[in-house]
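I've put the structures underneath this note.
There are two complexes below, and they share chain A, which is joined by chain B in the first and by chain C in the second.
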Partner chain A sequence: MKCFSRYLPYLFRPPSTILSSTCHTEADIISTVEFNSSGELLATGDKGGRVVVFQREQESKSQPQRRGEYNVYSTFQSHEPEFDYLKSLEIEEKINKIKWLPQQNAAYFLLSTNDKTVKLWKISERDKRPEGYNLKDDDGRIRDPSTITSLRVPVLQPMDLMVEATARRVFSNAHTYHINSISVNSDLQTYISTDDLRVNLWNLEITDRSFNIVDIKPANMEELTEVITSAEFHPQQCHTFAYSSSKGSIRLCDMREAALCDRHCKYFEEPEDPSTRSFFSEIISSISDVKFSHNGRYLMTRDYLTVKVWDLQMENKPLETYQVHDYLRGKLCSLYENDCIFDKFECVWNGSDSVIMTGSYNNFFRMFDRNTKRDVTLEASRENSKPRAILKPRKVCVGGKRRKDEISVDSLDFSKKILHTTWHPHENIIAVAATNNLYIFQDKVN
Partner chain B sequence: MFPKGTKRKFSDSGEEPVSSGDQVPAAPSVATRSLTSSYSLQRQSLLDMSLIKLQLCHMLVEPNLCRSVLIANTVRQIQEEMTQDGTWQIMTQALAAAQCPTDRLVATEVLCRQTDAAAQAGQSPKPFSVGGLEEGYHAEEVVMEGDVETEVTMSTLAPVSPQLSSASYLAGPFVMGPCWDEDEEEEEEEEEEEDGECEEDEEDDSEDCVSEGEEADRDHLSPDSRTGEQVFGTFEIKHPAPPPDPALEELFSDVDPSYYDLDTVLTGMQSAPKMGPYDLLESLSSHGPTALSSSSSCRSDLNELDHIMEIIVGS
Partner chain C sequence: MISTMECGADAQNLISISLMKIHNSRTQRGGIKLHKNLLVSYVLRNARQVYIKEKYAEIYRMQQYEEVMTVCNEIQELDPLDLDAEDDEEHARTACCGEGASPCGSVCHRGAAQPAAHARTASAVFGCASLEEDTREPDPSYYRSCCMEASPAPHCDQLPASGSAHCNKTTVLDLDTHVVTTVENGYLHQDCCCDAPPLGQGAQTPAKKRKVEPGCYVSDVEEISDFTAARKRAKREDCSYHSLDYTDTSNISNLISIFGSGFSGLLSRQADLEQICSKQVLASLGAWTRAIVAF
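Now for the complex of A and B:
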């Protein structure tokens, strides 16, 4: 694995986490991670509704070998727990997804969503403040107008850097079911939010109205057999988006064809292999994540056991299939019993679309090089992560004799799952969320 | 060769022995399937597990629609296969005769509707004869087969129309009135349901008939949604279980109906609405079939994990 032969792991945690990782609170579980489009910022959302944004240090000339580290830049409470009085249900504040808007001015903008509401946050810096008002003191006390004898012009004075986050838009009341994904359009004016049965199109400026562009809710809910699991806009074509389903299919839709994009223009599905058919076939074919490649020519999908790369021009089968943890195929019944079979893993491309990455259990994550066809399993764990240490490839032994540093399938910890990962848009820096810990790994450059 | 009367072992068909791992084997031919008791036990166990999971969907704070749909599809798949084998009909008949049907009725009804009015509703006595009970079960069987006759049968039961909705829930312990809805169009749905899921009707054919019955029911019930519950309450009181048939009981001894125990289910619902799935699984007595060695080992794995976690946290 050329690019990740050496690593510099850094361990970050959101500031409010209890120090010991064995007794973290549930609210600290990281539920999403996302680099912004320049890679300068990294946002994480957690189950408690908080967003923590990390910023990369400027590389200093004096220490060229020390790559920029990520430090906490801003922390804010994005979503609060709500109560739906109509249905007597709590609405979780867990952040399901964060998507950055490309930077257009000095401020940063991101969209964050929980199950029901999407919010647009503006993160801006303040490092100057005006001083020298006429009608009030610098402390803020009002001056008696009769004591003012001359006028002065307030001037901006430097102050300690303050980063503030303000909610600029709240997009609510458009989803009956739980939002699973959001995606910003390349036109930078619209975005889609997707729940189990519908996809809605929003304008970033307009919060009281959205357009429903996909609706797979059957007239009779008893006939429901398929739900939408994820949707994403094409990275360049502002009229194209794709959505994946729980039956293992992906539909590509063109918004120019009709207002309601129920008729897909492309349908991607791989025929089932009859030799591996079981009662769990449908569950493990359910797609948990769909991502366009940066160049817009490929689609990547993640189902329970594999990652597949699809060519947009070829609908009947994927271009490439990568086995993430095929040794679990013989354990599907247990994984069904303990609900692990329903875990939704994400997948991610590197900047050049040559390497793909996804998570697994036991805090393992996997990378596949599409060109060399080599793959590696790495572990995000405290014990194995001394600063500047190199990550050692891990191996799962499927049977027979176990080598010394291998781990057997039965010893895997299924409570330690890496569902969320993200890759820097240009460089070989990855962020991996392992329960309540965030690991940032960098490629060491000599 | 095999002595007379011995069934062929599943492994002799050339496929992987199921007892070695917990993998559900690839679907063999119908003939082979029907002969393999271990496969059908395993399938039954999977069905039971799926139903428990579906029931648990009601209990969680945030029902997950995707998960519920996937589990329901699995249940449907199992049921279709069992129907092909012919084991489905046998089982529903046996269970209907062998168990107290009313518990099951009320359990499923209550699970679906999320009200406990069924147990407590004021009684407006409506005399149901035992014959009516049998008729109800006849409707159940017919519903399962999805015949055209279903409609005819149901219409003959029209005088006891509230029973129709019970028939829809009645159709096997595994078929319950579907209610995926999330109260989106309130004017269309008179029943008050909790957000999301009930178990889904399994047979596509029966769905149409049943949904008609249900809709008729809904219209019927709209002025007073308690009527159905009153009926079920009456049903429960008036008709104790017929004595169980020992032969059938033996045949289905591996199916442990205790997880249909109303008390456990209701207690779980009322007292701990946020109970996690494993809490409830443990509170329900473990169901019979342990042909899946993995299921018991998985549970013991979980127990071990818990034990280890306790040690770590304790230290």
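Now for the complex of A and C:
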């Protein structure tokens, strides 16, 4: 398997703080990462409501070894903490998801969301500024009109590149519950935002109304048995979307059938194995992420212990199941006590849909090659990160004699978790968020 | 069949932990997380099922079911107003309800290894003692239900000993419509206690005060409001529970009241109240698992 044998470690820290591996502020914890559709830009969102966008350097012939490094391109405050006075609730500024819009002109557009509000941001460059105004000086001071004796035509002069981010749309007041995901439609005109009980369809141009297309809120809240955990549009079919539930099922819906897509057209669920039933069966079967493959033929879902690949044509069981960290099955009780069992891991496809990746604890992340059925565990850590070094596969010892370089289950650090990862759409470049650090790994391809 | 082999998971311990999580979630930044609380409620339900099963298995092992019923019948003839052990009761109730916000009744949880343990468990969840000590009914055989509202400062209506009807309120706020629904149960614990033979009294234990007749509540089920109708549906789900007549709607309302307002009071007396909460939770029905999410 073409593994990540060489990597370029980048440890990006938020610019305002000095961090060590053990000391960081809560606000700096990265809460989402996303490549744009070309892979040129990489956006991260954090708990403090900030968005940091990285841009890949252009390859230069003079410095071929600095091939495509990512540097900070823009930083802006996307969301601020708010207070809902009606319900006496504080609304966190944490960025839950970022989704890029495909580039249509010189500017870049992305959607970012916290628990309640989605915002459309425009990121644009300015490298020229007009000089030579008549009514004001170059530094902005108003000129006394009586002193003007002649007119001049302002001209654009080059200036240092400035990247500015402006909020173009704010989509608010449409969600009673916490937004967990957003997904841009392939028609590039609409997108969906999803909370625990509802999915709303928006037009990117219209902020004062949205259409509710899924509503699973029961008439009597006491009868609530499941919530929506994630939703995504099909990558090609603009009328199809899927949403996952806390009960471990996925529903595929067609918006052409009815205005309200409460009736699914496909229902994916694997029957539970009664022999593995435990106190925590419901928790570990809750799906934390759902992703369509790039080719639109498969769905991938992540629950607490496994990643599953589903064929859209087969609803009764997954096509493939990968064990991410099955050694945790015997530790569910303590993971419940320390709340780790509620961690929501994400999963990603590579560009060709041949490899899938997801995170784990101890800053481990796992890759599964669907064709060769081989898998690897890698670690994102500063101690192991040296430029141009090879990422060494890691192994967790589940019992018996622990070999050298293996780590035992009891030694795993559950405070170091990799929940968010993203894969470059075309190349073998991955970005991995480990708490407050961002690691970008690249597979060297000659 | 839930495996209890993982990490020596103790059902009662899980229940305590889960209740604590639900309590903590109410003060977390960002508001109550519906998804997480729903999952916690599933753990609560699973733990309760295991606990009940284990308890029943233990009881059945110790004594035949018929003997248990015989004991119950014998208890019916006991004087319900036996005041000899009142001091213990009073003390327990004071311990439970010293905090103004606590709706939790003094639950008999002493001497767990009793043949009638299951019955005591059932009776333990019934009713809740008065919140205000100065107006506490001196007769420990009566229970006060608490009027709980969604506001942080719950209060409890005190009933005169004559036992006029009082309301057992639970308030639910619908986050979408912002409609506050208050459900009232016009049932009087005292009436039921007086009318029906008490159940679940270990003859040897001070717990015999804890008498509530499930039968009387069952008879009132038909008159309950929509809110408690949900509990009725939940009763049918839990067959094993139902067959042993542990269906008590007021327990659920008490539990929901606890979740609604009484946690800080409950949890200030950690050791006792863990037991109390656990016992109450265990003897309740499935509806409370979903009632939690209503917050």
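Everything that follows uses one rule, which is that the second predicted complex is superposed on the first by the 442 of 446 C-alpha atoms of A that agree within 3 Å, B and C clash if a C-alpha of one lies under 4 Å from a C-alpha of the other, contacts with A are read in each partner's own complex, and residues count from 1 in each chain.
As a working rule, a contact is a pair of C-beta atoms (placed from the backbone, for glycine too) under 8 Å apart; a residue touches a chain by one contact, two chains touch by 3 or more.
Fair warning: this is a prediction, and the values are worked out from it, not measured in the lab.
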**Prompt:** Given the superposition on chain A, are chain B and chain C in a clash or a fit?
**Reply:** clash
**Prompt:** After lining up the shared chain so the two structures overlap, which partner does A:102 touch, if you call chain B first and chain C second: first, second, both or neither?
**Reply:** neither
**Prompt:** In the superposed arrangement, does A:132 touch chain B (first), chain C (second), both or neither?
**Reply:** neither
**Prompt:** After lining up the shared chain so the two structures overlap, which partner does A:338 touch, if you call chain B first and chain C second: first, second, both or neither?
**Reply:** first
**Prompt:** Between chain B (first) and chain C (second), which does A:415 come into contact with in this model arrangement: first, second, both, or neither?
**Reply:** first
**Request:** Overlap the chain B and chain C contact sets on chain A and report the shared residues.
**Result:** 86-87, 89-90, 92, 115, 176-178, 196-197, 220-227, 229, 246, 274, 276-280, 282-283, 286, 329-334, 336-337, 339, 342
**Asked** For the complex, which residues does chain A have touching chain C?
**Response** 86-87, 89-92, 94, 115, 176-178, 180, 196-197, 217, 220-227, 229, 246, 274, 276-283, 286, 329-334, 336-337, 339, 342
**Fill in**
In their shared complex, chain A is touched by residues of chain B numbered 21-27, 43, 46, 49, 53, 61-62, 64-67, 69-70, 72-74, 77-78, 178-184, 194-195, 200-201, 207, 211, 277-278, 292, 294-295, 297-299, 301-302, 305, 309, 312-313
**Prompt:** Which positions of chain A touch chain B when the two form their complex?
**Reply:** 22-23, 84, 86-90, 92, 115, 176-178, 196-197, 220-227, 229, 246, 274-280, 282-283, 286, 329-334, 336-339, 342, 415
**Complete:** Seen from chain C, its contact residues with chain A in the complex are 1-4, 6-9, 11, 14, 17, 21, 29-31, 33-36, 38-39, 42-43, 46-47, 50, 172, 174-176, 178, 226-227, 230, 287, 290-291, 293-294
